[in-house]
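You will see two complexes here that share chain A, one where it goes with chain B and one where it goes with chain C.
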Partner chain A sequence: MIELLAHLGKNTRSSFSKLGRGTFFLLQCLAGIISVLPRPRLLLNQMYSVGVLSFLIISISGLFVGMVLGLQGFYILSDFGAETTLGVMVATSLVRELGPVVSALLFAGRAGSALTAEIGLMKATEQLSGMEMMAVDPIKRIISPRFLAGFLSMPLLATLFSAIGIIGGQIVGSGLLGVDEGAYWAQMQAKLDFYDDIINGVIKSVVFGFVTSWIALFEGHDAVPTSEGISRATTRTVVNSAFSILGLDFILTALMFGDD
Partner chain B sequence: MGNRISCQNTLISVSNLSFSRGDKKIFDDISLEFERGKITAIMGPSGTGKTTLLKLMGGQLLPNQGSIIVDGQNVHRLRRSELYNLRKRMGMLFQSGALLTDMSVYDNVAFPLREHTKLPESMIRTLVLMKLEAVGLRGAYSLMPNELSGGMARRVALARAIVLDPMMIMYDEPFTGQDPISMGVLVHLIKALNKTLGLTSIIVSHDVHETSAIADYIYVLSGGKVVGQGTPEAIRQSDSEWVQQFMTGAADGPVHFHYPAKDYMDDLLSTGKRY
Partner chain C sequence: MQHTSTQDTLVGLFVAAGITALFFLALQVSNLSALTEKDSYTITARFENSGGLKVKSPVSAAGVKIGQVSAISLDPKTYEAVVKMSIYSQYNNIPSDTTASVFTAGLLGEQYVSLEPGGSEEFLKNNGAIEITQSAIILEKAIGQFLFKSAEEKK
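After this line comes the complex of A and B, so read on.
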């Protein structure tokens, strides 16, 4: 019993100290963004590896998610003779929920894990220490550009995911199942609100991008510099990002759409 | 073994330094002096905290007690910007080389110049090629770090460490894991650079032979204390049993061959608890 209590106490203490380290890290990272701005090249390189290289997985997944939505939506809606509203259903679910959430989960798996492993290995091979000894702040030079790149890429990727998903839904809906193409687009245009739906979806993805990049970079920077430590850190990035994304999604949805 | 009196010529002085990691005491009230223009070696077995000492000197770690004065500045009292300015004048060569793996040899050596100066690219090119020539790797400028051997990586890192023309270089285990030729090259380079660039060098190492061949002064550390100091000749003649064991590499002596354990016979005959 005492052992259990001691164990619990130890775990609580270490989680709090990790939270403290994480917050401090985030503040340093945000402060470092100022020095990234005059050097757009650093940012562009990272946007490429974090954003552009995630393009393929995001677009293919978006296409398939949209196609499945088109298929499932059609079967349900056609029972009520409402298949012309398929476009609304596909677009709303993508723009409000699936676009930001699924793309953020994919982003955490594709880019987040890569960031953690990269930073963890840089730490293990003394590259970060080496930089410090060359009087170059690794937070400003390495971490902040990556953070900013993740933060900026996420809404772009989520938007892309939704757009391709909507096309996927249209391919299945009107291409294969015979929903009128005009109705698909017109209903969507009439029902989807720019602020309520699209902007709220973008806000979600901005939040997810922020949190995922923070978790990924912090886990890498905080990793025990051994192969086992880095492998654990990478796992934690994916697991913690997924939990945070889903938890935050619930909170944000309640705040944004609670009044409807 | 008399104590050296600190004089004008001291570049770094470590005084009454204590440092512990968790419950383990790494340094217990040690004092060392490093003279300008000389090669000073810090020797001792693995795990005595030699690398930790370099990190303390570079201000990457904070001591529990004591001070480290580098060129008249107390490293741990400096503000961040002042510390960074001091570090620009302190080169450090890490054991692994610590080259940035996403850049070529050329870009690695150019890195400190690009970060700290606004020199035109043509000037950077000249400086980088000069430093690479000094370590004999001008021909390898386009290679990536993963294409280099361990010895070459260290030489590139050395070129990078001297590219800002520092006043001193700290070498962390420069000879570990090198074949005899690269070892010879590094020994020669450290000595030659120290002389031609007027550097002050600090070598942390446990390679007795190579280090004592080029060092002007040696400190031997063990168990958080300085157990011997002097010129290489004086160290070889030392009457300390410990220093003798370290210099000759005897398997048993003051440092026991066996990790502390309970009585051998008792352990063999005891039953029950499995490891």
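After this line comes the complex of A and C, so read on.
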């Protein structure tokens, strides 16, 4: 019994100390961003590996999610004779929820896990401590550019996801199922608001990008420097990112769309 | 440095694609263009009951959208709904004896304000008021009245 209590206490303490280290890491990382600005080359390289390489999976998933929404929405809406509102349904669900959330989950799986593994391996092979020996701050040189790249890429990817999904819904809706193309776009334009819907979706994806990059980089930096430690850290990145994204999505949705 | 320059191009394309997607969402998916490009002036109308009218509900004349509802409030003295409407400036020749009514588009559609122009030579100006109004038809009320009436007739 005493052992159990001691175990519980130890776990609680270690998770709080991890949160503390994480916050400290985030502050260091944010401070390091200033020194990235005069060296855009570092940022560009990371934008390539974090953003451009995630583009394919994001666009293909967006296309299929939009097509499925078009198909399912058509079957439900045709029961009420309201097929013409298909565009509203597809666009609202993509722009408000699915675009930011699904692309953030894919981003955590595709780019977040790669970041954790990369940083963890750098730590295990003592590249990070090597840099410190040469008086190069690894936070400024390695971590901050990756953080900034993730933070900037996420809203771009989410916007692309939504846009491609809406086109996918249109392909299925008016191409295969015969919803009037004009009605698809016109009803969408009448119902969706730029600030309330689209900008709020972009804000969501900015928050998700921030959190996902933070978790991925911190888990890598905090990993036990063995092959097993890195594999665990990578798993934790994906799991924790998914939890944070979905939990934050609920809070953000309640804040943004609560009053209508 | 062939490798880096292709990388640069790809990053540039990626960022450009993201920004294009945002423009696409702004112009094609939402109604940003309809809201910003037109100047408008405000007129008010008082309704006994504004029904399900909301801010941004359309205002139309002869089925053509000429503006939108900008604010709805309750007059604390007369208990009437005060509906402010922004009308696009190109439609600046609405007669002062125009009738405003709240209608529903279709059976389950959204509610909108319909303006029926009168014959006056004077036109409504900014902050002008429409005097003749017709309230929204509340379906429950209409059914209630109908039932009451048919019960009376049976007596």
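Assume the second predicted complex is superposed on the first by the 260 of 260 C-alpha atoms of A that agree within 3 Å, B and C clash if a C-alpha of one lies under 4 Å from a C-alpha of the other, contacts with A are read in each partner's own complex, and residues count from 1 in each chain.
Just so we're on the same page, a contact is a pair of C-beta atoms (placed from the backbone, for glycine too) under 8 Å apart; a residue touches a chain by one contact, two chains touch by 3 or more.
As the structure is a computational prediction, the values presented were derived from the model and not from experiment.
Enquirer: Quick one: chain B or chain C, who's touching more of chain A?
Expert: C
Enquirer: Counting only touches as set out at the top, which of chain B and chain C does A:A91 meet: first, second, both, neither?
Expert: second
Enquirer: Quick one: is A:R141 in contact with chain B, with chain C, with both, or with neither? Answer first, second, both or neither.
Expert: A:R141 contacts chain B only, not chain C.
Enquirer: Can A:E126 be said to touch chain B (first), chain C (second), both, or neither?
Expert: first
Enquirer: One more residue to check, A:S244. First (chain B), second (chain C), both or neither?
Expert: The answer is neither, since A:S244 touches no partner chain.
Enquirer: Have a look at where A:S103 lands relative to chain B and chain C in the superposition and call it first, second, both or neither.
Expert: In the superposed model, A:S103 contacts neither chain B nor chain C.
Enquirer: With the two structures laid over each other on chain A, which partner does A:T159 touch: chain B (first), chain C (second), both, or neither?
Expert: second
Enquirer: For A:L192 in the superposed arrangement: first (chain B), second (chain C), both or neither?
Expert: second
Enquirer: Which partner does A:S205 reach: the first (chain B), the second (chain C), both, or neither?
Expert: neither
Enquirer: Which residues of chain C touch chain A in the complex?
Expert: Against chain A, the touching part of chain C is residues 7-8, 10-11, 13-15, 17-19, 21-22, 24-26, 28-32, 34-35, 56.
Enquirer: Which part of chain A faces chain B closely enough to touch in the complex?
Expert: Checking each residue of chain A against chain B gives 122, 125-127, 129-137, 141.
Enquirer: Give the list of chain B residues in touch with chain A in this complex.
Expert: Listed in rising order, the residues are 55, 58, 60, 84-85, 87-88, 90-92, 94-96, 98-101, 111-112, 115-116, 157, 160, 164.
Enquirer: Which chain A residues qualify as touching chain C in the complex?
Expert: On the chain A side, the touching residues are 44-45, 47-48, 51-52, 55, 91, 95, 153, 155-157, 159-160, 162-164, 166, 185, 188-190, 192-194, 197-198, 202.
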